[in-house]
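Report on one structure; see the data block that follows.
Order of writing sets the labels: A, B, C and D. Residues in every chain begin at 1.
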């Protein structure tokens, strides 16, 4: 299955954030979006995830298995700046909820909760309330969320921003394992993620042009 | 603050609850046994005493109602004393005491309200009157529930303790105000209410069971309070250990 | 309703409330001790456990 | 879906959850009324049903603003929006959980407060029944308001302002059904059936509107 974006444009308020972005990601491939602050990396990712309306262009799935998904969003995991975990619940309850609520989509199966926690290097503390963990641990548990329910496409927005070097290596391992299973990844980052073969997309920061309706 | 005094405070913070746990472990079975004994004697006396010629059987409700009402107020006094302990001496056990007394006090107030209502129906013909004493007890009940809700709403127990200690003391000042204002307000509308709580207690026939039951209820309160405090201490210990576990798991990973 | 029924209802309500209270204290204590035991089994103990007990 | 239901119920009863606050608010509001109007038992019995309904309405609105805001703040809303399950269904389940945690306790507490209001058995039963049928409508329509206000600062107050006017029909039919049950000539069933119909209609409109508002509010 392939993720194809053609001539995407998006705006926030009156400002056009980017225009005419096209890319294509195949099975086992990763695309790393780079660019300075404010160049629209996060916006691009949210547009692809269907969380923001696009101004023009289209995002679609193509190839084998694409029919199994109603929307592009339902084939994606989105790891944003916020962890989407409840402080009051234990890590296990959080992960269990996402495993049950999201469910596995076509073409793969999620791992068990303990195994996912083990994979992010935090096995044995799943019984703790999520709020007890440190910021870095919380981030890693949020990554475990990607593992408990299978999605072919991972959309990662600054995934390793709050993490130390060891955790970055761990996360690169997770992404590479996902790619080797035929998954796709789309990541926005400042830091090198340490992915094997990854395409790069440089966003220049689209300045100066806004929609002329009020100009 | 110097490092040494900080260490001393840390130590006393840790040692006092531990000592309390050790001491209370010895004391509470005895207290429970004595409580049971008093209840056995008290209940026996309750049902052996003859009924009042005016009130008939219903006078027996008094043996539950009056001790519960008495405890609803005593429990608040215990909480107020604990609140002082929290604010003035910053004793770690004081806020544990205040926090755990609230649900117990709410339960006794609830018993007082229910039995009062069940006594009121045959005596006055209505379940409830907005009369001075009843209203102030109901307000007390709401305050207990509010304090429980406050304790649950704040994450950090130390902060919750300080805030609720302030509220407890404000409430302590408030209770007589409510009581007197309501009395004044009440006389405007309903001058003569029909309470005769103090009537039957004069007769020793009723006094003895009442006294024994009052002691039994008081002992029950203290037993339950001690046990609830033990639970709360364990709860905080679990929380501390969990934080410790979370931290050490992080370090373990980083050094690996 | 006879007066005896009101008496029975009062004693019943009081008994039920007290029983609920005792049950809560007991269950709460058991749950806390279990949590502590689980933590100790996981190898997490208090730093002062040795000297304090 | 049951996972979502149980998660929301767990969150409501855990420390800091709002399950108890609503009922406490209800009791306090109702308890304050006799201080205002005086302890005349006949008067209280007459206005009791209306007081209970207004108290329940306000209490049911109390925690509604957090229904989606809490999800948005920690990023869960993004993931919920992306799932294949229809958003309307998700909203419906969240409403159900919210009602179970805050609405149902109000219904359970209402007979006790009816005693305080010196209402007779018929009025008590009618109030409890109408609250049981009517409070879900408040939650459903409130969900729409909560979804509209989800991205706004100080959304909490706004939710009440947005939803209260919409909830007026519920109040009208709920209270009139209770009075119809107590006062002889008026029949109980017509207003009660209206109330039921209103709840069913809101059960459709509320989640649909809320889902649309949530889709529009992402940024």
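Here is the rule we use: a contact is a pair of C-beta atoms (placed from the backbone, for glycine too) under 8 Å apart; a residue touches a chain by one contact, two chains touch by 3 or more.
Worth saying up front: this structure is predicted, and the values here are computed from it rather than measured.
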Inquiry  = Relative to chain D, which chain's C-alpha centre is the most remote?
reply    = A
Ask   = Which pairing of chains accounts for the highest number of C-beta contacts?
value = B-C
Key: Most centrally placed chain - per-chain CA mean versus overall CA mean   = D
Note = Cα centre of chain C to Cα centre of chain D, whole Å, reads 33
Remark   = Note: chain C sits from chain B at a C-alpha centroid distance in Å of 15
Task = Between chain A and chain B, tell me the centre distance in angstrom, where each centre is the average of that chain's C-alpha atoms.
result = 52
Request  = Starting from the mean Cα coordinates of chain A and chain D, work out the distance between those two points in Å.
outcome  = 37
Ask   = Residues of chain A touching 2+ other chains?
value = 124
Key: Contacts with two or more other chains, residues of chain B listed in rising order   = 155, 242, 245
Query = Which chain C residues sit where two or more other chains touch them?
reply = 42
Ask   = Which of the residues in chain A end up touching chain B in this complex?
value = 121-122, 124-125, 128-129, 131-134, 136-137, 164, 166-167
Remark   = Per the touch rule above, chain B residues touching chain A in the complex are 155, 239, 242-243, 245-247, 249-250, 253-254, 256
Message = Could you list, by residue number, the parts of chain D that touch chain B in their complex?
response = 15-17, 20-21, 24, 27-28, 31, 34-35, 38-41, 44, 115-116, 118
Note = Residue positions on chain D within touch of chain A in the complex are 1-4, 7, 10-11, 14-17, 73-76, 78-85, 218-219
Ask   = How about chain A: which of its residues touch chain D in the complex?
value = 12, 46, 49-52, 69-71, 73-74, 76, 78, 80-89, 93, 96-98, 100-102, 105
